[in-house]
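Submitted below is the structure of interest, expressed as structure tokens.
Chain IDs A, B, C, D, E and F follow the sequence of writing; residue 1 opens each chain.
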Amino acid sequence: MTLHILNTSPSDRNTFLSCSHALAEEDVLLLIEDGTYWLLPHHRAELARIPARVVALSPDRQARGIEAENLIEVDDAGFVELTVKHERVVSWF
Amino acid sequence: MVQGSMIYTLVVHSAPYQSASAGTALRFARAVLAAGHSIHRVFFYRDGVHNASALVSPPRDEQNIPAQWQQLAQEHDLDMVVCIAAAVRRGVLDAAEAKRYEKANHNLADGFELSGLGQLIEAGLQSDRVITFGGQR
Amino acid sequence: MSQKSVLVICRKAPYGSSAAREALDIALSGAVFDLQVSLLLLDDAVLQLLPGQNTGLIGEKNLNAMLGALPLYDIDQVYTSLQSLALHGLEAQRLEPSPIALDSIELQALIKRHDMVLTV
Amino acid sequence: MSQKSVLVICRKAPYGSSAAREALDIALSGAVFDLQVSLLLLDDAVLQLLPGQNTGLIGEKNLNAMLGALPLYDIDQVYTSLQSLALHGLEAQRLEPSPIALDSIELQALIKRHDMVLTV
Amino acid sequence: MTLHILNTSPSDRNTFLSCSHALAEEDVLLLIEDGTYWLLPHHRAELARIPARVVALSPDRQARGIEAENLIEVDDAGFVELTVKHERVVSWF
Amino acid sequence: MVQGSMIYTLVVHSAPYQSASAGTALRFARAVLAAGHSIHRVFFYRDGVHNASALVSPPRDEQNIPAQWQQLAQEHDLDMVVCIAAAVRRGVLDAAEAKRYEKANHNLADGFELSGLGQLIEAGLQSDRVITFGGQR
């Protein structure tokens, strides 16, 4: 199992698409920094099409004024736990 | 080391101000240590070498990321290695490199060490997890 | 020399880099030097206007609060494009400060009526 | 310790920044330290493989020529994705060195069979 | 008349779209650095839909191994001339 | 100054290695001067402040952009201003700023001067054309 970390906003479609092609069903996608803009209502539908589980980094989401409805999020300690639970980490930026 | 604890290597590609990822890497390092894991090495590459500048002087109401790395390193005896090839190209020099390039001054902050990319590879071999923090072209 | 006008264009989100902050600094500098300054926030830069930003946990200053101080510098109007709002599904009246949203023709006209354009 | 494998992923064009060059440096370092190294060029990084690059006028070293030296370091294979080729309408056999183009399933498998992934 | 300068590759759709919306018919678009990848055959059709005149910076195109068929290009001196002929310059990056 | 000649200001946002635009700006400056125009000021902002580092030490077969700016400035008496707020945050200091921030060393290259953003605005007022060279987040 791989943890994928994405830190780019939805305006960078290409990074998102490459990341989603590389995601296996059992993988997890962690949205950090500007990647948390994927949680804006306008982008939720596209995000939902990802077959893998999606998690957001809470401090980064809060900083950007994005609402937390219906999503799984972690704090920095939870970020570390995710990296423990996955054999490898791939960063997309 | 607590049971189930892991060994990490962190790779930092961006300078403060260039990308939020410089700050994220620091927060992640703190969280790794707080959880009882260990950090084998923090490796600064590409523009991330500027995290090791002794001359960074932010206004008092802004965070000083190089100073925070130094403090964290002191508290936890962190090994902080700056890629020497990436650093000298970008003007981050220790005393030895300053001498080699005939520069009057040097600017590598205490607690950081210039060394080769082999230190990244070695760190990867010694670690359970390698995490890259990037975010620029 | 007559009063020159400057258009500052920013296209970046508030905390992904220092671009937003450093664009704002240019706009404020222009105002201090008595230029006519317009600020145009395109693409991810509209995200600077999202209300409810809470930056305490990431150690950054709240950029949205700084944008609120623009009227103090006689920069009364922030512009964006309809396309930028559509990109993130945002409505101008829910943003703070609320921007004027321009279509392509208006965007071209905005550029044309400024002597100098600085992109950050 | 058994021999570890490393996957180096680059997604950037050759001269827009130093990313491509510094990704290559990591791949070569890994090879020098006897790791199994795979190089995966996605998105704009496929543009590193365009033949006929002539960098004399921009003062940069020819990155494509440096990629040609990979076999000397026992990095015999460069990978890309079908999606990356489609992005710029390129054909693998017209690129130098010619990459192996992976579909999504193969891309996921490539990642899974490496111990460590370094993105540059 | 405005000179617009674009230095991003076609993978950054958003910068291209914003730039093209801001282009008036009498303006000129100069492609530099990774912007010259817009001259790849695959991207020519989309580039052709721009109502304004398009020019490429030759040293940057040559460096990247892109062919020059059917396009107007300038060297660095020609780049300067374009900035002389236009009242203002807008950079897109 | 030749007839029809123009006054330029160049704004440089990126560091060498960070973006090709650092090199493009230098080439453009040379072409402007070769065409008989004048450059009122080159203003280094954001990560572009690293173009003014005296410590940048590239391998011999790579271009040294800060050294090339210095040479061009000497030949043409260029005014090269580095935004002081952007520079001190990123660790580019002259002797005065090093003293103010109690740093033992400084690294601003000869030929460059630290000053405020007002110098960009003033340059804009004095120039026929202002061209920005950028290319990062």
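We take it that contacts are C-beta pairs under 8 Å (C-beta built on N, C-alpha and C of every residue); 3 or more make two chains touch, one makes a residue touch a chain.
Just so it is clear, the structure is predicted and the values come from calculations on it, not from any experiment.
Listed here as common contacts of chain C and chain E: A, F. Considering the contact criterion stated above, the chains in touch with chain B and with chain D alike are A, F. For the criterion of most C-beta pairs in contact, the winning chain pair is B-F.
Taking the CA centroid of chain C as reference, the farthest chain centroid is that of D. Farthest from chain F, judged by the mean position of CA atoms in each chain, is A.
Mean C-alpha positions place chain A and chain D at a centre distance of 25 Å. Centroids of chain D and chain F (each the mean of its C-alpha atoms) stand 33 Å apart. Chain A and chain C have centres, each the mean of its CA atoms, that are 27 Å apart. Separating the centre of chain A from that of chain F, both taken as means of CA atoms, is a distance of 38 Å.
For chain C, residues touching at least two other chains, in rising order: 15-18, 43, 58, 60, 87, 116-117, 119. In chain A, the residues that touch at least two other chains are 7, 11, 14, 33-34, 59-60, 88-89, 91, 93. Counting partners per residue, chain B has 13, 17-20, 27, 46, 62, 130, 132, 134-137 as the residues that reach two or more other chains.
Taken together, the chains touch in the following pairs: A-B, A-C, A-D, A-E, B-C, B-D, B-F, C-E, C-F, D-E, D-F, E-F. Against chain D, the residues of chain F that register as touching in their complex are 17-20, 23, 27, 61-63, 135. Touching chain D in their complex are the following residues of chain B: 11, 13, 45-46, 85-86, 116-118, 120-122, 124-125, 130, 132, 134, 136-137.
Against chain A, the residues of chain C that register as touching in their complex are 13-16, 43-44, 47, 50-58, 60, 64, 87-90.
Here chain A touches chain B in the complex through residues 5, 7-8, 32-34, 59-60, 76-77, 79-81, 83-84, 88-89, 91, 93, going by the rule given at the top. The touching residues of chain E, counted against chain D in their complex, run 7, 9-11, 33-34, 37, 40-43, 58-60, 62-67.
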